[in-house]
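In the two complexes below, chain A is the common chain; its partner is chain B in one and chain C in the other.
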Partner chain A sequence: MKNYELVVHPAEDGASMRKAEVVGCLDSHTVVGFERELQSVVDSGANVVVLDLESLSYISSAGISALMGLTHRLRKSEGELYLLRPTEKVRRVFRTLGFTTIFRIVDEEAEVSSAQGK
Partner chain B sequence: MLWILSAILLLGLAATAYLYWREAKVTAQLGTELTVLRREEQALFDFLNQFGETMTRGSDTGPAMDLIVSFAQEATTADAAGLFVREKDGRTLRARVVSGLFPPFHRITSDRLFSKRKFVAEMVKREIIELGDGVIGQVALTGRPLLITNAENDHRVPKSEISGLVTRDVLAVPLNVREENLGVLVLVNKREDPPFTTADQSLITAVARQASVTLDLIRLHKLEAEQQRLEQELELARTFQSLLLPRRVPDYQNIRLAGLYRPALEMGGDYYDYIPIDDRYLGIAVGDVSGKGVPGALIMAAVRAALRAEARLSLSPREVLQRVNRVAMEDTKESVFITMTYGVLDSQTGIFRFCRAGHEPVICCPGNGKGIVSYQPEGMALGIVEGELFSMMEEQELDLSREKTAILYTDGIVEAMNPKSEEYGMERFHGQVQQHADKVPGEVLQAVLEDIDKFARGRDQHDDITMVVVNWAGEAQGEKTERTAMDASTA
Partner chain C sequence: MTKPPPDAPRQEFIDLELRAPVKTGVLNPLRTFIATLARQCGFEEAEVEQIEMAVDEACANVVRHAYKHLGVSCDLPEEHQSKDCEVRSSCLLRVRVEISEEALRVTIVDSGIGVQDRHSGVESIEEYQQRGGTGGLGIYIIKKFMDEVEYEATPDSGTIVTMTKFLRPAPGTANK
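Moving on to the complex of A and B:
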């Protein structure tokens, strides 16, 4: 009934950056798989994760918790979680929570490389 | 002539003797086969009887698996037998029962001496077999039995590096139920009349079929028990949550109040509270924890206690929420957050001073067909950051004596869904509030709730629904003549 998929892009040699796309909805049911899959990406050595949210149609508080947890974990290893192009609806949820100041939300992938290049 | 007759007679005799001998042989053979079949039938019958008895004694699969292995070993006179069961991940198998001197089907890395039987069994039990790997992994993958009569020359069977452990013949039968494979029953080295025969295979296949159905039933029973445990936990959380809700509506001059909390099937962690500060001031809170079930309810309990304590020490909601945030930071994991709107209502003037910690806006409607005004001061959810970033929280005031009705709510209202997965939405919610704003708070709640249910058309409520309606029953007191809101927007 509920659609959810995480498409993880293959790692480039020697790169600590990984990209993944979330499709569908992130709620208390789908978030379990989402966290597990993303953790394995982090465990494989990525400390910069770019999460494409363009096709994320819905996010519940459980989903936001997962993003928050990942942000904390990555920052501990001096990494970062970038949220790429969230829809207006998802942005509104971030704004309501006041999390636009915590999450790194970007509109272009180029912003990630320039931020990382600093 | 005579010799011809003699020859014919002799031939006739020989033919008769041959026919007799052949019939006798066939009869004897049939008799033996019948005996074998009867013996197998009896064995199978005994097995089923014992198996059934073992099953009625408990919901543990252990004794049943022991019985399957010992029966299969005896019936086929095998030197060793093992039952390999699929792990939860579905991709690997592991031995649950090993009987006799079972030769390891994998290369052994340990250099310890494994001459003793129990060590060999332990070693085999420790092996993790990938699906499709070796004889056992193959049978599990294909779901078809495998009979290897000359194992010493078969590449699928590895040579044992342990002296005295030679694999001569192998019979491996899958435990299948419906389209699914649950494991593999393996028999090694037939003692009498080696090697294993197709008759052994059909007998063990029949046993395996019965065994898998029963093991499957036990598994389903366990799942059901797990489901029951989850439901009990949920029930506990519900009871706990209901204890957190205000038991009575406080009585204040000029103020009419009504609150509603309707939990989703899997409780979402909402709550609301009335905190009487003194005769004049009343604290009102609506919150939502990002965790569900028992953990969510426990966090809410901690936050509720902190808020109740702090509310009595200050009339500034900003100060109160800053202190509650500190508690939330200490008590929760870094990813757990709580959204909350908390405000202090002056029952003499109707001034409601409030803060929004990442929560839904406060909406107001004076009735008489007037529009909705939505108040959304800046503020971050509790439990995530401290210091400057959190202190940017704004405090806002609204004049209830002019606004008449103010509503605090959680996102479970606007995110309620119908069977087409469409959301109830802000617009419809505002429309309902506007339509019923002239009614008393309890009726406003009821009207909104009925409209949500009408919209949902029977779809399960996926998040808690919480709403507090505050209504001014006194005279208009404020000096302001215009309705103002810093971040006001009409629906």
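Moving on to the complex of A and C:
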């Protein structure tokens, strides 16, 4: 498995929602690139971001802080960050530390459309 | 981990130490190293993950903060990074792992700035949120995931972080 990769799906015309998949680890080594790439997604006009965490094998406090920062920025513009299908390992970290009540974690993409009132 | 019953073969005492350069690129192999050891001595997977994450956070703190005053830190922009090979090669991270029948103990040692303040993590996730989600989470994770954590910081001489995860007694063998 690669140490880290962010696969950003192409934007649909006029859509404010973007989807991306994180592959590998989010730690102090990879987080700088992750933040930079996600910021460019937000700068392109997205205020709803769906981040697929199905292939995220590890997250450290640096990765969590990056997700917190993005969550804050999107909520300021009445948007949201959705974390889609985190692995059991990552979910356990969120649950043990108390982040399941802070992040919007969803198991199906349909939940995003539903939450966005579409 | 479940502590073996008294009649089980004794766990051999293991004492390992490795040295790594102060680079974020060493974090992934260090995690693999510590998780492998924790798994081999029988910790449950959730405990292995906690040990792995606690050690990663302590090592990341060294990489980010310990040698920043010398221009060696992933947090510094390129123009502020030391180009002195001698300085860079003297900035080391040492990880010692001791495994006994009772516990797994990891000691992270640096010879950096040794400032006590950088070890003040948040006390809760609420406090972390109030701080705007920046800083202090790593120390919180270390304290939450390990059974014992000790810091020994000496100004200009470095920091020693010792963290221990105890083995739980096997069912029916615990002292009452």
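Assume the second predicted complex is superposed on the first by the 115 of 118 C-alpha atoms of A that agree within 3 Å, B and C clash if a C-alpha of one lies under 4 Å from a C-alpha of the other, contacts with A are read in each partner's own complex, and residues count from 1 in each chain.
FYI, contacts are C-beta pairs under 8 Å (C-beta built on N, C-alpha and C of every residue); 3 or more make two chains touch, one makes a residue touch a chain.
If you're wondering where the values come from, they're calculated on a predicted model, not measured in any experiment.
When the shared chain is aligned, no partner comes close enough to touch A:L53: not chain B, not chain C.
In the overlay built on the shared chain, the residue A:S28 is in contact with chain B and with chain C.
When the two complexes are overlaid on their common chain A, residue A:A20 makes contact with neither chain B nor chain C.
When the two complexes are overlaid on their common chain A, residue A:M68 makes contact with chain B and with chain C alike. Comparing chain B with chain C, the partner in contact with more residues of chain A is C. Judged by the touch definition given at the top, the superposed model places A:T96 against both chain B and chain C. Judged by the document's definition of touching, chain A residues 27-28, 60-62, 64-65, 68-69, 72, 96-99, 102 lie at the interface with chain B and also at the interface with chain C. On the chain C side of its complex with chain A, the touching residues are 24-25, 27-28, 31, 46, 49-50, 52-53, 56-57, 60, 63-64, 74, 125, 129, 132-134, 137-138, 140-141, 144-145.
Of all the residues in chain A, the ones that touch chain B in their complex are 27-28, 60-62, 64-66, 68-69, 72, 96-99, 101-102.
Listing the residues of chain A that touch chain C in their complex gives 3, 25, 27-29, 32, 58, 60-62, 64-65, 68-69, 71-72, 89, 92-93, 96-99, 102.
Residues 266, 288-292, 333-337, 339, 357-360, 376, 378-381, 384-385, 389, 462-463 of chain B touch chain A in their complex.
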